[in-house]
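Below: one structure in structure tokens.
For clarity, chains are labelled A, B, C and D in written order, and residue numbers in each chain start from 1.
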Amino acid sequence: MHIQKNPAIPDAAAGPAAYRQYARQWLGANLPEHMRADSVNYRAPSLDECRDWEASMYDAGLAGMTWPKAYGGLGLTLREHLVVNKEVGALAMPESVSSIGKELAGPIIQTVGTEEQKHLFLPRILAMQDYWCQGFSEPDAGSDLARLRTKAVPEGDSWRINGQKIWTSGAAKARYCLLLTRTGTVADKHRGLLMFAVPMDTPGIRVVPIKSIDGKESFAEVFFDNVVVPDSARLGAPDEGWNAAIRVLSIERATNRMYRAWRFDCELRQLVAACKSDPQLARLLGDGSYQRRIGDVVGEIDALKGLVERTVSRMMAGDKIGARGSLTKLYWSECHQAFAGLALSVVSHVNPRSSALAQRARQHFTTAYFYSRAETIYAGTTEVQLDIIAQRIMNLPKDLQR
Amino acid sequence: MSMSDNDLKPEEFAQAAAEAIKDAQTRGFRDAGQVLATAGLCGVCALEDAGGLALGIEFALPIVAEAGKLRLHWPLLETLLIAKALGDSPLAAQLASGERVATWAMQGSLKDKWAGHARYAKDCDWVLVADGQGGGALLDLGSVEVQDDTALDPEHPQSWLTLDSAKVLAAVDAPTFAALQRDSHILIAALVNGAAEAALLTTAEYMSTRVQFGRPLSAKQAVRHLLARMRLLQEASNAGIQRLLDTDEDGRIRGTQPVLANALANAAFVLEKSIHLHGGMGFTWEVPLHYALREVRKFDAAFGSGALAQQVGRDYIQSV
Amino acid sequence: MHIQKNPAIPDAAAGPAAYRQYARQWLGANLPEHMRADSVNYRAPSLDECRDWEASMYDAGLAGMTWPKAYGGLGLTLREHLVVNKEVGALAMPESVSSIGKELAGPIIQTVGTEEQKHLFLPRILAMQDYWCQGFSEPDAGSDLARLRTKAVPEGDSWRINGQKIWTSGAAKARYCLLLTRTGTVADKHRGLLMFAVPMDTPGIRVVPIKSIDGKESFAEVFFDNVVVPDSARLGAPDEGWNAAIRVLSIERATNRMYRAWRFDCELRQLVAACKSDPQLARLLGDGSYQRRIGDVVGEIDALKGLVERTVSRMMAGDKIGARGSLTKLYWSECHQAFAGLALSVVSHVNPRSSALAQRARQHFTTAYFYSRAETIYAGTTEVQLDIIAQRIMNLPKDLQR
Amino acid sequence: MSMSDNDLKPEEFAQAAAEAIKDAQTRGFRDAGQVLATAGLCGVCALEDAGGLALGIEFALPIVAEAGKLRLHWPLLETLLIAKALGDSPLAAQLASGERVATWAMQGSLKDKWAGHARYAKDCDWVLVADGQGGGALLDLGSVEVQDDTALDPEHPQSWLTLDSAKVLAAVDAPTFAALQRDSHILIAALVNGAAEAALLTTAEYMSTRVQFGRPLSAKQAVRHLLARMRLLQEASNAGIQRLLDTDEDGRIRGTQPVLANALANAAFVLEKSIHLHGGMGFTWEVPLHYALREVRKFDAAFGSGALAQQVGRDYIQSV
């Protein structure tokens, strides 16, 4: 597969500063005004607009930084990945519409996929040709995989799959589902878990959207009713694939969405700029209680950036990152959720006579407030992260040491 | 609902109110009004001459708390308060009977020719606004330009009102309007606290039945402690609200703002954490917790979202 | 024993308003200026000054409100008790120096003591003639009574006691120790617990003071080395006494120190008044962040007063109060501890050139800040209260309901 | 301590510093200074001509963090920074050698004739104060009236200084003084974060060994989660502090105030909760946690106790 590369992409040997300069210029010059959440000309971009933007970022050498060149990536290091993330965060661009493919399916396939699967799936993910959805959670299981019920039964060279998934984000648009099943019975608990790349147009799959608190329909329940896939759809052997995936996911938790710390800063700037644009809201900025809380947020953002940068430094130095991604995820989600509450209290002062920028901020931060409710839930709840920190970072004993 | 005033207790209203509210929730806006009025809820504080029960605000409190618990989408607290404020005006009878429905714009004034934060304005007949000189004015909503504000709640938006050619149906004098504002603080606190109470019950039930690793989630100490904190705040709000019904040790009425500010903050906390504890389910449109959170946030915004607590602080400092 | 009563004490039949009026006037007229923590003339009162003040309050009909007349009390209801507590809270007077006697030993003796013990101990507690100390906690047991080691062995008509207690507040001044022991071995866990009223001058008792974070030496370790007491020192039968004590304590938790909500208000007034008295600190009161936080505290105080008043109403109506004292204790301790942090941040602006009232506030609230660290620890930690609320108020199941 | 500049790493300083600090803690104030100076700690950033090691602030950071962890009661961060600021002045050599000890009054100025929040002033020889015109002035403490302020810490009080007849020993120009203030922010953040780190270790160890109902307290989820939160905040402070050692993406030095404000708040939280988790023990004078809390609160007060975060907010608003 031939990818048309932007000839201006700097050589990685030129160092991160050159990449930074390039990324900043390219993103600033190419991100459409109407896709900037902090612009008065913002209008919600369509799925296709988002896809095209991400595809053009990829063409410009600003996606797939660390993926191997053989599978369409740039073969660079986390250092360049961080450089690009900082610049991505600094602009109020839409979230990726292909995060399941890029952050979940891609890394897992790189680890457990066959060479054929890697060549088949990976370049198309980066080039925004295929969307993926994630089929892990089930209505009655949640994070307790011992209760997973979706079953895969071998039939000659094929597998027959029956079951139901929930929280399958992006199911409606997805070409593939990264599906977790079990080969035995629920009594096997954590044994016999098997992953598949299931084409979503396979007969027997039915998608039922779920409307979320922020008013979007990005989640779905997905029903698998006698869905038959070839053995080539299997990702790894039973257990082997899933266990590798678990390891990959803990690295991903530490390295994906690194831009969030810088986007947080971008949002705080948007909020302050919106207040400055309106006489009534500007008065809030003169109030000590808002100044204090903004000051607290600035300190939190600095610490968050420090946590992200430290992760990159340590991984570049060859350290295992272990469970430390939990620190970043937890700190970000709690600080950002609290910020969303602050932002809501600011934009609650907006009325129809307020400035256009204030109106934009009202829309943005009201949605952000409701959406932020999920930030302490998805990708491991606050309680799960605290358990991980206690268990794996602090090694706190649960029983008497003999 | 037939009753004798002598042995009437406010808490007995809750049960009857709940029945009527549940019935109303199965109906359209106008029918709902009829059901609520027939049950005596719209006129609970209105004069007997206006077809009301002429009861004190302590009788409206359990009614509005039930409306909060059941997430009634109907301007009951506004209608019953305005029916009270209208005294012996014939308009009061129309509210008490459910013939007309009134809302209240919590920001702006007739003087400003502009008002906002009115619930259900597009469905109502009348709206109460401040007159900008200490009193209030009841306006015909037909004479007012209504603009829905869907940011916080697309299904049940608040409205902004342009009052350039507003038709005043009745005036509310300053002392009556001040008393009405005090009553509204108590009832809004009761409403959001009721919403929090219901959410907490739902969440505790969910945590007690949702199984993970062979035990209910309520077995986890982190879950138990968070639920206990939610209960603590909800009880604190409740105790503060009840206290407003009595005068203070020296026989003066008590300030409502500290309790309202506290109740709004506590309710938001309880609802946010209820959503959190429901996990992915709490984040969906199907689980009704977010409706209650939107309702709380609308009232919070109407009172300046934090400005109320700051005013309480200023008033206290002034009083020392 | 004859108690000299103040002839002006109103008849309870005159109603709470008359009692309130009387209490307010008497306290305002009689509390020495130098014992008021919010006075520039404050100096730390001596133990004897505190004792004399409490004794005079008792003589004035403002202590022992609900204790039976037969044992020196006034035989009134919780309603008058609350009335007096409100007025006590409204003045910045010292904490009781006999709280163990009045709040712990007294109520327990009323419940499990013999008639002789009641007549012997109770009037002297109210008249401030005897101090008591509490001997429950042990170095290695804390709230886990199954690990209690202090042992009482019967010897004819006597008991021989050996063991060690910690957190024995007021041990140095106490005439009696309310001592919890076990009659069997640690293997008996919660069985065989036995209480005594042990005279502190009994041979074999040794007191070692503990300096606490606020700089005071109000706690001690107490060692019992072959201490022999007569059987008349026993409070109730094994287990019976302690089990009754547990029930008494849950009522006490709900009813003692009711003045705290009003004292909290009094402290907030002291803080604001101190700021107003000084030009530099007065500027803080114009700052939105302090206004907001003071506003939050005012709301919390109102709720706290509501919780206390509701408890009294319900108990007057004959309701069992159960575990609801946990709500008040927890809410007070967390709100007051947070307030102490706020107060510290205010008085941190005091310097030697500040007003005398500001200097006084600095001393008071710096000590209060350190002392408040204990508020989430003593009388059941925050975690214990949360467990109680979850278990006994919310009835949250720990296991699947069959 | 003999070393070659080429392969020196800041983190290696921590171990050597800890040994010297532990030794110093067994001695009197003057002897302690000799021990710390001999180990190269007092002159770590001073010029080589002054007997210093001429190393960057990143080498002072682990030293001061160890001082925080071990709760050293000696003005090491002040002395090493002032030795740096004095450049090739002969006074620098006296500090680097441990012959003299200097402190820093964090509030007030020579112009105001009044300064405060100087640690250990009664034991020191010199004190650095702002000159009130952007620079700093090193004063002979013998020429200054010292008044101890025992409210926050009776054993190790800060001092207020009356400067009417102050004798100036050396002047520090404005750019040097500004750079020194920036360095002090980094080191104070490191000190309080070190104190928090040590308290957390102590507390986690205590919770892991303290048995209740047959299991360690660390088995309880409420305890585990609180400890995990404390760790999170301590790591956040640490990450923020480390970041100040590098320039930003555009090569500019980073503002220190957000990180210092965050570190002070996080350290106070960790220490307060450490005391709480120690239960009754944490409340005693015997367990050293309160010493660390007093130290953090003294620095917090020196920076206006919240005023710093507010200034950070104002600066950010200004920058947009």
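Following the convention adopted for this analysis, a contact is a pair of C-beta atoms (placed from the backbone, for glycine too) under 8 Å apart; a residue touches a chain by one contact, two chains touch by 3 or more.
Fair warning: this is a prediction, and the values are worked out from it, not measured in the lab.
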| item | value |
| --- | --- |
| Pair with more cross-chain C-beta pairs in contact, given B-C and A-B | B-C |
| Distance between the centres, which are taken as Cα means, of chain B and chain A, whole angstrom | 39 |
| Whole-Å gap between the CA centroids of chain B and chain D | 52 |
| Touching two or more other chains - residues of chain C | 287-293, 383, 386 |
| Of all residues in chain D, the ones touching two or more other chains | 211, 220-222, 225, 306, 310 |
| Chain contact topology (line, ring, star, complete or other) | complete |
| Footprint of chain B on chain C - complex, ascending | 20, 86, 268-269, 272-273, 276, 285, 288, 290-296, 298-307, 309-310, 327, 330-331, 383, 385-387, 389-391, 393-394, 396-401 |
| Interface residues, chain D side, partner chain B - complex | 220-222, 225 |
| Contacting residues of chain B [partner chain A, same complex] | 107, 114, 116, 147, 149, 151-152, 154, 160, 211-213, 220, 222-223, 272, 275-276, 279-280, 282-286, 290, 293, 297, 300-301, 304-306, 310 |
| Of chain B, residues touching chain C in the complex | 204, 207-208, 211, 214-216, 218-219, 221, 224-225, 227-229, 231-232, 235-243, 249, 254, 258-259, 261-262, 265, 306, 308-314, 316-317, 320 |
| In the complex, chain A residues that touch chain B | 137, 142-144, 146-147, 166-167, 210-213, 215, 219, 287, 289, 344-346, 348-349, 351-353, 362-363, 366, 369-370, 373-374, 376-378, 381-383, 386 |
